[in-house]
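These notes are about the structure you will find just below.
By letter and in written order, the chains are A, B and C; residue numbering begins at 1 in each of them.
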Amino acid sequence: MATAMQAVSPREEARPEGWGRPLIEVRELTKHFGPVVALAGVSLTVSAGEVHCLLGDNGAGKSTLIKTLSGVHKPTGGDFVVDGKPVTFSSPREALDAGIATVFQDLAMIPLLSITRNFFMGREPVKRVGPLSFMDMDFANKVARQEMRRIGIDVRDPEQAVGTLSGGERQCVAIARAVYFGAKVLILDEPTSALGVAQTSMVLKFIRQVRAKGLGVIFITHNVRHAYAVGDRFTILNRGRTLGTYAKTEIGLDELQTKMAGDKELQDLSEELGGTV
Amino acid sequence: MKTVLLRGVLMAAAMVVGVATTTSSALADNERFVFVSHAPDSDSWWNVIKNAIKNAEHDEGVKVEYRNPPTGDIADMARIIQQATASNPNGIVTTIADFDVLQSAIQGAVAKGIPVITVNSGTAEQSKELGAMMHIGQPEYDAGKGAGERAKAAGVTHFLCVNHYITNPASVQRCQGYADGLGVKLGDQMIDSGIDPTGIYNKVKAFIASHPDTDGIITLGPNSADPTIKYIGDSGSRSKFKSVISFDLDADISKAIKDGTMDAAIDQQPYLQGYLPIVFLTQYVRYGVMPSNNVNTGPGFVTKKNIELVEKLAGEYR
Amino acid sequence: MAERSDPGTPATPIVDVVDERLGRQSWYQRLMVRPDSGALAGVVLVFLFFTFAAGDTGMFASDGILSWMTVTAQLMIIGSGAALLMIGGEFDLSVGSMIGFSGMMIAIPTIYFDVPIGVSVVLAFVVAMAIGALNGYIIVRTRLPSFIVTLASLYILRGLTIALSILFTNRTIVSGLKEYSDDSFVASLFSAKLFPGFFQWLADNGIILKLPNGAPAVPGIPMLIVWAFALAVVGHVVLTRTRIGNWIFASGGDANAARNVGVPVSAVKISLFMATAFCATVFAACQVFEFGSAAADRGLLKEFEAIIAAVIGGCLLTGGYGSVIGACLGALIFGVVQQGILFAGAPSDWFQVFLGAMLLIAVLFNSSIRRRVTGER
């Protein structure tokens, strides 16, 4: 773990224009499914050039929140403001058009399709020949290879299937795709939960690269260490509410862990187990 | 993985090589004929013809390849005739299951100088028009009409025609002939029974239930007759029907004739349709002789009187 | 298994040099992950086999070649459609019934209702594609497996074909189309034989067989074969070279993932069902005009032959992978084996055994390819 952390140590980066401008603001967002209250009042601000970590145990409302932000669900109440304008999305496509791209853990890529075809899925570059339009494979392959190299994935052939990539590489391709197509805010749903140490470090490193471009990143995880390695601010969710938002300078790793555990009993349990939870 | 695949391929290949070589060595320097039928794999009636072909093969010292479209699709049958033509046999025997569809294929064989004899389905006129040497079979309409006349004599007024191969126009001619022999309209008295025995059984049952004045039944062959016989036995309704007749014979039908469930079977003597064309073609190829008339192998009626004779060989040679 | 980069190594700096590892994947490895490589190997094997088993039987004479090419072309037409649909993640079991239905749609209005033949043909295409669209719409809307929905349409269409032809014509084979179709442009579009002069010349010069009456054994290239190649080329280009092709792959690979990035999955699937209906109607039209009659039992079990061709050609039953060229090679294997077994003089009873064995081998081969492609072990 220690080596992995070092690999993502902060670096000096040039800051693009608009740095720190708020991209997404939600205030007292609520979402009810019939009698079930999934979100009971969540407030959150994501600014350009920050990695905003969303922490919480299972059932805290993380996935409902991201599905609401990415246009899958409509909020029941509260304000949802993008770039200073209030919005209501009725489909993921609308959220995408507004610059909010979500990378879901399992649904990011189609393993049997080539990297190029995955990368341009739904947004294929087109070349016209008379009345017919063809997919511009040369251009697509060139871009895919170039973008893969930028991440640091050694793509031998952009027409090889995504299935031949490792889990971490796939996550990176999915993120790179969102960035390439002009996302302003990236929502990453548990991008590291199924990955090994080395692959996790690769994804975390890439998240830092994305931030350096001035994108806002919402990073959902329940692994506090992963969050602390790349996060600028941390919002803790519990039972559908925000418990609080903390900047990295205000809070240490242990304290964050304790706050996320939230519950007194769990904290005791954690101490009993020697702090290994 | 690879070795498994390889082994599979080799086994499949070995199988076909085995089959191919055993058969081709048998035809060494003998005449080779192709017999093309329209019957799907599931049609058991053709077994008699297959046996006849085997006998003719043995008696004449020739090689006959029996071909049929597995699903009974006549368009596929045309392809088989085209293929047979391309393989340059000494002669082709084929049915005329559908004149329009088979026309160009059969004429193609004739144009290539291959002697063709038509059997079973089709009429003598069609055979002549196609340029075949002769037709060996039973005129379908006349056979149906003969059965209808028998039924009329028995006093039938409303009937059921159980048709298990409705897509073949010859089958409709049989029913039409029966209706004309009876002097009534065909109307809705013909049902499309399919070839599944359970399905046929239940369709017959349903028809009789909804048409209680039905007093005559005609089935177009063993496929439709066997379940119908079972239905009559199960329901104990034999006395209700004045006439029950089937086309063709098999073990069940001859048993039904014996025990009185069925009055008669129309026998087209299929054995002759398999045996004779091979004999004629062989003589033609060897000595250039060929009878100048068509051969009507039916209709003959098998009733309680002559059943003993027929029964022993039913399903095999009768 | 192709080698793979170690994901733990630090990022390589972005330098635009030719990747030195690019050449390492040999042509053999590249070939082995192509969906149609299995079918290609099968074609070679089958031709080798029949060259030995039936080389001297007329199988490779001009009319012999026409005989197995005709069967191949028929299957290519519906196989290309089936392959596209299968790559899009669905099946169409109603193809066979659709062939019978479309044939009747062409024949009955022309012969019994004096509809001009061109209008009947256009009508048949429109109705068939509308039924295809309905199949697709039901599947997309209800999310039922296409297997079930099209199984229902298999029966409905076959039943309708028999019932309607009995209703309108009182028979199940409608003949006599030839008098209406002779000299009509539409009929020749589906049944003409191209380049008769050239083939006559070939026969006159002894290159192909000449019949005793002076005509060549092969009078020309049937339009059936032209249609087969045209549909195959269009299908291949659409699949591999257009954005619609990418959508087809994506819809079959993972419909949810595709929807999430804005691929119009429903529209793609519905169009694919319309495409298979179109192919079935082309099949029917070629058959109807060649034989001059339509029958209610035409196309029986052809849906399975189409699926078999696609599977032998490397399409995965689960969707998202395959090729139209593969399906055409599958059709070629099918045609050569089906007719070749007859040429070899083997009892045709063995054809189905052979077909089943080949299907099994193809599926085993395909699943091994999928493992290679996705790197799962």
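Here, a contact is a pair of C-beta atoms (placed from the backbone, for glycine too) under 8 Å apart; a residue touches a chain by one contact, two chains touch by 3 or more.
Just so you know, these numbers come straight off a predicted model, no measurement behind them.
Here the chain-to-chain distance from chain A to chain B, counted in touching steps, is 2. Core chain by CA centroid proximity to the global CA centroid: C.
Across A-C and B-C, it is B-C that has more C-beta pairs touching.
Set against the C-alpha centre of chain A, every other chain centre is closer than that of B.
Chain A and chain B, compared by their mean Cα positions, are separated by 72 Å. In terms of their C-alpha centroids, the spacing between chain A and chain C amounts to 44 Å. One inter-chain figure worth recording: chain B and chain C are separated by 33 Å, centre to centre, where each centre is the mean of the chain's CA atoms. Interface residues of chain A facing chain C in the complex, by the touch rule stated above, are 7, 92-93, 96, 102, 104, 107-113, 117, 120-124, 126, 133-135, 137, 149-157, 160-161, 163-166, 168-169, 198-199, 201-202, 205.
Interface residues of chain C, counted against chain B in their complex, comprise 45, 49, 53-54, 57-59, 61, 63-64, 66-68, 70-71, 162, 166, 171-173, 175-178, 211-213, 215, 217, 287, 290-293, 295-301, 339, 341-354, 357-358, 360-361, 364-365, 368. Those residues of chain C whose C-beta lies close enough to touch chain A in the complex are 2, 4-8, 10-12, 14, 19, 21-22, 24-25, 33, 237, 241-243, 245-247, 249-250, 253-254, 256-263, 316, 320-321, 370, 373-376.
Against chain C, in their complex, chain B makes its touches with residues 1-2, 4-5, 8-9, 11-13, 15-17, 19-20, 23-24, 27, 32, 41, 63, 65-68, 70-75, 78-80, 82-88, 98-101, 103-104, 111-113, 166-169, 172, 192.
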